[in-house]
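Lettered A, B, C and D in written order, each chain numbered from 1.
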């Protein structure tokens, strides 16, 4: 019922600023594809530009997908992992860089189609600012809208999903939360531009993620979902369900109620954990919660919403959790 | 150049949940009007429904405004200080309450015009939710949009400014941040519906307030501004400039650049301070920063934006602050 | 096995700064005592000075406790709900007020003994500061330590538990978190001075509450526990378990492991809920989690700690939550 | 009057998890030493183990210090940048790793003395936990106290300063805030163990940094200071004064009042800025604020503390900032 996907790099080595070579060893790509395919329920893969996919290796990647019976969930073009993007990609003050950001997106749109996909997830992580008086808000907004529009018009058979995140690597991102990113998407005027929710980004943004999803679904703009968990202050990219429970229950309820039909894609940084085991835990959690919700009766959650009465919510959730 | 206003209640007694009778004594309304008028630069007053203004005392209030040479900046209808609003005003599950919320708004729109004003500031503080599965997001959004639209269409000579706040008194407000509230305003389709920024609400929401202002001004929807300060985690309603400096400099720059022409209204809760002195400090701070920025040269801040280079920002701000 | 208590006022009306008369009606005290006694598992009551208990009504209260078969869990002297404490109780710059804070504490220590108790919970909520350069940190620390020491030496058959809270009603409290409050307790040199953890205060403080409990238990200074829940940014005083789950599991494990033997006292502000129902939900949650943990096998949580391996934690917690 | 230092690596390339090779190019060490020495007022250098200093290159480094007329401010032993520390250094569950953490510290204590220093700054960044039930709090506390004690007793002519940080690279650090780290330092019983405040770490911890400094100075345990700035939610390691002003004024006041006599060391990650320029800005800011405070009259800040009255604070700060 849910289509699970994995960002391929989750299965590899991950680093931070103190240990730039990472906490683990990097397995070969072929091993990572196999590991992804071996997780029960996973049928899709997300690929990151530069790291996993370039215009040079499309055929190779296609073979890997086929060999492992995996579909392409999306490509995330690289707008963040090279020096040239350091001061912004779509919002670089250098017009040449802005053109490169657009060109990179178009190339990855082509690659996505070549690989059988129809979704490109844009996470322009460097598009933001660090300091006061560094962000030229008005200009940046226009550059994003124009750049994304140009890409969206390039080929209408590919949907572009804008992934918001309040901060990191910049202290402030231009696509910060659901509502502002929805405004950008609407501003392009392109039906093939929508929004991605990453659950941890939403937590960091102080959103109730279920409410963010409901907002985007009302506007028919929730194109994609990334799942992970954190302690709310930062994008810890932990195993789903490690910290939060009721928020995921509420989220899954609303995704179902408002008929989200996209991927449930895992996006983690298992710095010190076995990658496959960590991703598997996340899939098991989401799948397990959803199955338990259905066994419990989705209408019971709906009944809570009718009344909005807190002690009923509490009693129902206790029963759901099996607390006598 | 700036039109300063004061929310009248700031000059009175203020309470919290532990000391519900307040930390001070309540002065007579006439004294509060006089105090407001005595603050250099203040020419406007904001009135709160029930507390300051009802359909019964409009003539009386009109006299006070005239006697003190004050204009009505806005009325904030009471959608928060009575038991009937406890489970929501515009989003109450009881249709009768929703009608009352609308009726109260219309009555205050009439009162505003009667008092020579054209702005009503809507802060439906009880419209939100406290618990998981308590907020019926989709329904609530529609009720807000419909309710506000009905009010806006009631008389088009009054502008309605929706004041967002991430939380309190509910753990989550439906009008939480600039972008979602702008979406609501746009959704009404009414040109006389816009948004109010309260600087502390914006800080609590994790926004860069200058960026929020730029967003609303781009859409021609920044109708009103409330000024106060806090320590970012909560709506402390402190004296402006007590904690933040550079954020206000950046905000005032963008208000000027994108031609905000509304009120600069002070909204504080000086629980333990002399009310008049506390408000005066806030006006002096905003006025002082703005004058200093002009003396320094607004174009110098504009030059920073051109480059977006952090050490130049730092050097310029040091010079602005008079740090050799 | 767990001794549950309730703060009496939780069953009454509760207000906030926007609706100072509260969202409900105030029931008679006798009804509140009966309601507390009617909650399965509740055997203790906490009383708040001024609100519930004064030197004048001790006999009356004693009768209520007896009539309802309830023990006194603690008294919380009133250091927060009167104008005189507005600028601090133990740390007021007025020596007369500081003496009153001490006198009030001693009177409540006497009352506690008279009522069969041996615990006084000190929450000097006004002892803190709101603005920069308002807190005289060094002096305040000394005043707290000296004041508490004088109280502790007044009668050694009563234990004083210092309840920390990062903020509210001041923007900063002097007793802010577990470690600083423990330092204060140690600084008194009195064995009958310890610390209270309120779970929501700990969440607001950015603590992992289980770690805070372990710290205090290591020093034999965890004297008391208040339970409630929140959304981490503020002391929302919600039904326990409404938001958090795994944090409570970890907390209960450590309370057991390090042999906490005090009360499990509910401390909520059910603004818009039926008080008895809301408290009952909290007791059911804590009791239910603890019973489920025992049925599951406490040693299984201990085994997780031995290894500290994240995917095992995740798999175990999924099993605990009944997620296949 | 203030002794300024710089962490050498601030002048080099810095990376994050998305761009692990960094945003700039790495200059030769000799250039970095020269740049540090060229910043007006800088007389000390902090060195990081592995990155800047090993047992192999002590002589070389000594030469660099001499050639540039710089003193050693401290060494920060490497307990964070190698795979072996990934699951903890002092608190690794592997006793061999714990021994290595101690050995590394001793080696760097020797190196510090060899280089003319007497201070080692311990930042065991990997000593913490990421997930629930991953931290064995009790055991970890003991291991830290025992490990640090062994190092402190190794040679008493070197002071060990424990640098706290609430999180990163783990979601929770064991040395999280001033008060808990002070408790650890006291628990060692060693007079040569104290605490380092990093201003950004303190902001992230929700502390008022001036209050944290006052606490440590009261216990004679503030051994060292790192300066930088951030937006409070994360260790952004920005130019000092970019975001905060009044907090630094209050901090410098208390450092002076309680007679801090250690280094004022700059600790930044100027990812996208010229390193020397960014550090220079920070020194200029701290130096500039301190000079302006003295010109203004330190006793005026003291007078504010006597009264603790908010509007006086505001008026005084406006005057200090030159806002008419």
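Assorted remarks:
In the analysis below, a contact is a pair of C-beta atoms (placed from the backbone, for glycine too) under 8 Å apart; a residue touches a chain by one contact, two chains touch by 3 or more.
Worth saying up front: this structure is predicted, and the values here are computed from it rather than measured.
The minimal number of chain-to-chain contact steps leading from subunit A to subunit C is 1. Interface equivalence for A-C, evaluated over C-D, B-D or A-B, points to B-D, where over half of the contact pairs coincide by residue number. Mean C-alpha position of subunit B lies 35 Å from that of subunit C.
Distance between chain centres (mean CA atoms), subunit B to subunit D: 40 Å.
In subunit B, the residues that reach two or more other chains under the touch definition are 87, 130-132, 172, 206, 233, 238-239, 242-243, 246, 272, 309-310, 313-314, 317. Only residues 14-24, 80-83, 86-87, 125, 130-132, 167-169, 171-172, 230-231, 233-234, 236, 238-239, 242-243, 269, 271-272 of subunit A touch subunit D when the two sit together in their complex.
Touching subunit C in their complex are the following residues of subunit A: 206, 232-233, 238-239, 241-243, 245-246, 270, 272-274, 277-278, 280-281, 284-285, 288-289, 291-292, 309-311, 313-315, 317-318, 321-324. Within the complex formed with subunit B, the subunit A residues making contact are 87, 93, 129-138, 141, 166, 172, 177-180, 182-183, 205-206, 208, 210-211, 214-215, 218, 246-247, 249-250, 253-254, 258, 301, 304-310, 313-314, 316-317.
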